[in-house]
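Read from first to last, the chains carry the letters A, B, C, D and E; within each, the first residue is number 1.
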Amino acid sequence: MNISLSLARRHSIPMGVVLVVFIVLWYALAIAMNASGVIARVLPSDWSWQDLLAATWNMSRPVLPTPHQIIIDVYNSITQWPVSSPRNLLYHAWVTASAALTGFAMGTVLGIVLAIIIVHSKMLDRALLPWIVASQTIPVLAIAPIVLVILGSLNITGLFPKAVIAMYLCFFPITIAMVQGLRSPDKMQMELFYTYGVTNLDTLKMLRFPSALPFLFPACRVAIAAGLVGTMVAELPTGAQAGLGARLLVGSYYGNTLMIWSALVVASLLGLFLTGVVSVIEYWVMRNRRIA
Amino acid sequence: MKHYKSGALLIIFTLVFALLGLTQFIHIDFTEPNLTIDYMPCLASLCLIIVAVWSCFAAVRFKHVLIIQVLTLLASYFLLKSAEHEASNIIQFWLVTISLILSANLCLKYFVEQPDVAVSQLIIAALFGFWCLYLWQLIVTVLQVPQVLLPTPVAIGHALITNTVMLWGDFVQTVIKSVVIGYLLGNGLGILSAIVIERSSFLRRGFLPLANLTSTVPLVGVAPIAVMWFGFDWPSKAAVIVLVTYFPALVSALAGLQSTNKLEQELMHSYAASYWFTLKCLRLPAAMPFIFNALKVNSALALITAIVAEYFGSPTQGLGFRISVEAARMHMPIVWSAIVVASVAGSLLYALLVYLERRVTFWHPAIRKA
Amino acid sequence: MDKVTLQLKWVPQAQFAGYYVAKEKGFYKDHGVDVTIKPGGTDISPVQVIAGHSADVIVDWMPDALAARESGVPLVNIAQIYNRSGMMLTCKKSSGIKTPSDLKGKTLGVWYGGNEYPFFNWMAKLHLTPGKDIHILKQGFNVDPLLNGQADCISAMNYNEYWQLIDAGMKKDQLISFPYEDEGVSTLEDGLYVLSPNLKNPAFVAKMAKFLAGTFEGWNYAVKHPKEAAKIVVAQDMSGAATLRVQTRQMENVAKLITYANTDKMGYLEPDAYHRTIKMLLNSGQQTVIKKDPGDSAMTHVVWELAMKK
Amino acid sequence: MNQLFQVLTSESVAELEPEAQSQQPSRPVVSTEKLNVIYPSADQPVHALADVDLLIRKGEFVSLIGPSGCGKTTLLRVIADLEPITSGNVLVNDMTPSEARQERAYGYVFQAATLLMWRTVLANVMLPLVIQQRPEQEAQRIAREQLAKVGLSGFEDKYPWQLSGGMQQRVSIARALGFEPKILMMDEPFGALDEITRNNLNQQLQQLWREQQRTVVFVTHSISEAVYLSTKIVVMSPRPGRIVEVIDSPLPRERTAAIRDSDEFIQLTQRVRDALSEGHHEH
Amino acid sequence: MNQLFQVLTSESVAELEPEAQSQQPSRPVVSTEKLNVIYPSADQPVHALADVDLLIRKGEFVSLIGPSGCGKTTLLRVIADLEPITSGNVLVNDMTPSEARQERAYGYVFQAATLLMWRTVLANVMLPLVIQQRPEQEAQRIAREQLAKVGLSGFEDKYPWQLSGGMQQRVSIARALGFEPKILMMDEPFGALDEITRNNLNQQLQQLWREQQRTVVFVTHSISEAVYLSTKIVVMSPRPGRIVEVIDSPLPRERTAAIRDSDEFIQLTQRVRDALSEGHHEH
């Protein structure tokens, strides 16, 4: 904990500077991008440059909204509506998060099971792995509606189909990392267990799996971020049901850029939060391992 | 005897299922003296029985494996033929199907034991893919899944052949224009930035945490915005791809540049080597495995991103355009053929990268071992 | 009580107000059906949903439905809610377009996803070849291309997108619209479709008749009380994007497309309109929508007549 | 009954009087006969062991010594069933190595400590006991005992990376001793340590071996280590790997630090060195 | 003119008669004065070197020996400008270490071979020459020569991972020698090797040093290695790291394998051992 504190201190100034530069650039860009629309539709014919600044930074249908607009929009949506209202972004965040987490859980289980199978079967290692890689080149957005309809025809609706799409994106990093991780015990360690005359299951439990943990957690962080993307993509074709993806789509549909950006910002925060949770779990589980 | 042991259980089950399937397809109707036979499934089960019996005695030789494989293929052909007419005797039908799967599995097992790894790797992956497609075809035909939900592989193949020109145009639009340009730009910029940032600890400390944060941001979400900013043609797609690939490339390349161990750096230090020399001869080569990892991850990411971005607006060409338009027109075989084009393109790009990686980072322990 | 599942084509909005009103005000219940309304989205195709047996009846446009027939989903129209088409091409006056012949050389935004057929038909009539004489964009379901100057004209519904342009700050006199109805290329829009094999089952027909009766009552009510209808729709929107003002206005405009509302021809599919649509689809330029004339097989009045008896 | 009694007494006599035991040969634990191991290779197969005949008796401390690549590790691995043999015979306690392994006859100590990073020192030592499904309580007791024997009491709850290299190696020795394997096999266990720590550990190992009467097969590069520890020194030579000479140590079983300066020690050292350089020049 | 002549002859005399040189002290290459290195640390700073005074003359072979953590590596790194000093003075050829490094005065051989895995053996040896921008042809010639000297002719086009550990270490020695550094610094270069290969390499190193008249600073854990190789043995002790004794070797410059059995050798070994254990017990 001490280390991370001093780390934060070391990073805070450079990060602050980079952030400030970033935000200044953003505001400058907002002027450049919104100017033509503002001049054409908002400003009176005799405008001064102060009017232009004020108008470009507070436009109602901006090409690029400014950070403060986004923050205010998110803040308003969270504070002015009850959490259960579809107008509250937290509600949408929750809808997306629950599907993403379900998908993540399924993806993790699937990923680990696949990895275990691959590590123990030479045939599946060769037969399955190339196709697992190829599976990730299939565009999710294209198959998402198909999956939703097929599952719908099996009477599976609601959260689960979205979770399936999320799972599809989640399992890959986990499988790859776990295959690597389960193979990471060095030859000597494997031979040590061999000299004990141990079963495969025991080796898995006591050697392979613990050795794979350092591989699993970073993969989990990647996977949960991917799962979030998957859920949002799955929410696009379903249109105006709840969820951050739906907000994104509806924002695009109503030409409401602010809505898109707010959804993106909340999605990023959600992603941060979820990976943060994974990191905390990792810290807790790995607290007894050497800090590299 | 070893080859026998490894597949013994499979062989036994193959035999049992095939026999069961065979007996059930011969209906003896006692009220009428003549007996009716479903010829096709009978032939299929006969082939499978031959496979199983042969497997008991065949050594693991390429010739024998081929013969077994051919027989299994024959069985699968008969089975599919009968499915197209009608699967009258559904349970028996699935019994034969299961024994078919088992003997297909057996063939794969035999290939695994082939000594020539490079060849058998290819054959195994291809065969496995073939069997998956076969089962897909079988299930869709037998269960009579509507084409608008899930077309058969044969229909997809047909669509692929009849629409080559159109799909080629889409391929050029999406892959050659958007993906290649966006991918090269994104990764190139990422690696260059990494080299720049690596020199300054201030920038490194300021940028890296922020760059890491972006991995949690669903960047494809900017696709509608990109369409708004960069227009409907490929530049907007390339822009999203640049954004999506930039940060992984940056983070990995940076990690790679910093991966040289202290001893190597001190060696260069003791030679008083210049920064550029150290970069060229030490840091960049050491970073290559990391960079290739990012390139591989990004290859799939770039393609998917391009297709997603096309959903939010495109000219009248492109794989994403094709998929969304034809899906709405209920031409699912065309949709799937576009998906096939996309994932073949992605897989080829990936394979190319793996090949390059093997050439460039030949020295890396993970590659040396293989 | 009979259970009916209805799949909409798009997100909850006043375009579908009648169904929501019927459900909320209990009209369906009164007629003895329990209706589940499934909202749609961009890439949810109601045809796929009904083919997967996840819905009993769908709201669809006729070109889409007829195209689906040829792909093997035997859809049949049982009632036509909208008698007039609301689709149009809206252009900026500043681009110099005054008549349809001025479209040559311009960039036009087109909705795909089954909505593109009338457009191509029109272009064929104008002898404008896409890609050569006009430049086409696959327009997303929003009006940004026009606002951002990426297109000279965009597709718009007169009850929706047109007003989004106005809301964005465009003046009515800055725009010029070409309703498809006026250009003679209109096709039949929102209608109710079921799978034809189901119609052989009298119980199903009876159930659908009850459903239609409730639906008509809902629409009649919605047309009369646009404000209340809009309120009901907004309450159904789970994305939290719909606003009362926009939906009320949309309801008022939608009402103009349902000319049979509150008459005893509500929901009646005019065979003439049906055949006109088919004829148009059979020769819609290079884009072949349907190849065979389905004759009368894609429509039936049986359910409608049963519904009107009640 | 009478017979049984005899066996019992003779065993207990052997335990009480180690000197007596070294005179009267005890039963063979490991015996190899015309053992050949050839590693197949793309260009040219490597003849790692050629016609190796070796006999190891119960309670012996056997060192394998020889230049790099002479097959010491291979021989050890063959005995421990980690490497298949090309031809010849190996018997361990009248069983094949594989059977002996299944009976958990081996404790193997590798060059590196091979501890599991995520287990405490105690849990590491308990590992083979847990695998043998001994009751938790008993396993703990044994592990603590063994740790005490290698001088690591008080470090039970530390993690391996909190110990120095030498301490880690001692933990791995404790682990190998804990489940009382019939044969303790050690492949350059002290290779990575400095001279002083190494001498220390040698002394402790000597003591442990004397107290517990184990059979030890030990691979080393260091002549003085081999001489200091062994009752029998097997000198090997490479290409193809074979045994050049088997030297029985005339030193007493108990060895103090002072023994290093004794004449016998220096002579024996010289003898081993001669045998080694002989093997070196032969080819 | 006359002066210059004198210098020339005296230098060539020194080269022709190594014996003469060891009598008449040649000029200092490295000199440290009250050198202190303290590693700052969160809990307690480590006093790695305390008041170290050391003089190394041209052509000497100096070994640093001492228990783990006594500061051998630190001292070497300070001389090579790899570690900043806390107080005191270090001069290398009358320059600061940093200037000397810029003049490419150092060849540094680490404990691990530190070869670049993506370069062939030849390219690895050419590395420092390429950095010095020697012409390609010449660099190749020198590299091949050096590889021949360490007995690796024929391995030029192999990659490092295709060689054994010992061969890799020899490549790194060839690399360090190739660009004729004024001072060759070696930090336990043979730590990872077995005794026999190590003795072999020792012999080769001895020969190279004699032929090329380099100044060598050498860190080792092995007493016999230090005695065999050095003209001067620096014994260090830890906490804080300091020099306990500097022993000048009475052995002749040329050392054969036989010298290991000479009385002088054994006496010297004993002397170093005594000095070491003295340092060990002091604290």
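Please note the rule applied: contacts are C-beta pairs under 8 Å (C-beta built on N, C-alpha and C of every residue); 3 or more make two chains touch, one makes a residue touch a chain.
Keep in mind the model is a prediction, meaning the values are calculated, not measured.
Peer 1: Once the contact rule is applied, which chains count as partners of both chain A and chain C?
Peer 2: For chain A paired with chain C, the chains in contact with each are B, in label order.
Peer 1: Which neighbours does chain B have in common with chain C?
Peer 2: Touching chain B and chain C alike, sorted by label: A.
Peer 1: Which chain has its C-alpha centre farthest away from the C-alpha centre of chain B?
Peer 2: E
Peer 1: How big is the rotation relating chain D to chain E when the fit is done on Cα atoms? Please round to the nearest 5 degrees.
Peer 2: To bring chain D onto chain E, one rotates by 175 degrees.
Peer 1: Can you work out the whole-Å distance between the CA centroids of chain D and chain E?
Peer 2: That gives a centre separation of 37 Å.
Peer 1: List the centre-to-centre spacing of chain B and chain E in whole Å, with centres computed as mean CA coordinates.
Peer 2: Each chain reduced to its C-alpha mean, chain B and chain E end up 55 Å apart.
Peer 1: If you average the Cα atoms of chain C and of chain D to get two centres, how far apart are those centres in Å?
Peer 2: 85
Peer 1: Suppose each chain is reduced to the average of its Cα coordinates; what separation in Å results between chain A and chain B?
Peer 2: Each chain's C-alpha centroid was found; their separation is 23 Å.
Peer 1: Counting only residues that touch at least 2 other chains, which ones in chain E make the list?
Peer 2: none
Peer 1: What residues in chain C touch two or more of the other chains?
Peer 2: 42-43, 45, 48, 51-52, 140, 144, 148
Peer 1: Hey, what residues on chain B touch two or more of the other chains?
Peer 2: 149, 224, 228, 311-312, 324, 327, 332
Peer 1: By the touch definition up top, name every chain pair that qualifies.
Peer 2: Pairs of chains that touch one another: A-B, A-C, A-D, B-C, B-E, D-E.
Peer 1: Enumerate the contact residues on chain E facing chain D in the complex.
Peer 2: Residues 67-68, 164, 166, 193-197, 221-223, 280 of chain E touch chain D in their complex.
Peer 1: Touching chain A in the complex: which residues of chain B?
Peer 2: 108-109, 112, 120-121, 124-125, 127-129, 132, 149-150, 202-207, 209-210, 213, 215-218, 220-222, 224-225, 228-229, 299-300, 303-304, 307-308, 311-312, 319-320, 323-324, 327, 332, 335, 338-339, 342-343, 345-347, 350
Peer 1: Give every residue of chain A touching chain B within the complex, in rising order.
Peer 2: 10-11, 14-19, 22, 33, 63-64, 122-123, 126-128, 130-131, 133-143, 145-146, 149-150, 153, 221-222, 225, 228-229, 232-233, 236, 248, 251-252, 257, 260-261, 263-264, 267-268, 271-272, 274-275
Peer 1: Which of the residues in chain B end up touching chain C in this complex?
Peer 2: Touch list, chain B to chain C: 146-149, 224, 227-228, 231-232, 310-316, 321, 324-325, 327-332.
Peer 1: Contact residues on chain C for chain A in the complex?
Peer 2: These residues of chain C touch chain A: 10-12, 39-45, 48-49, 51-54, 140-144, 147-149, 164, 168-170, 237-241.
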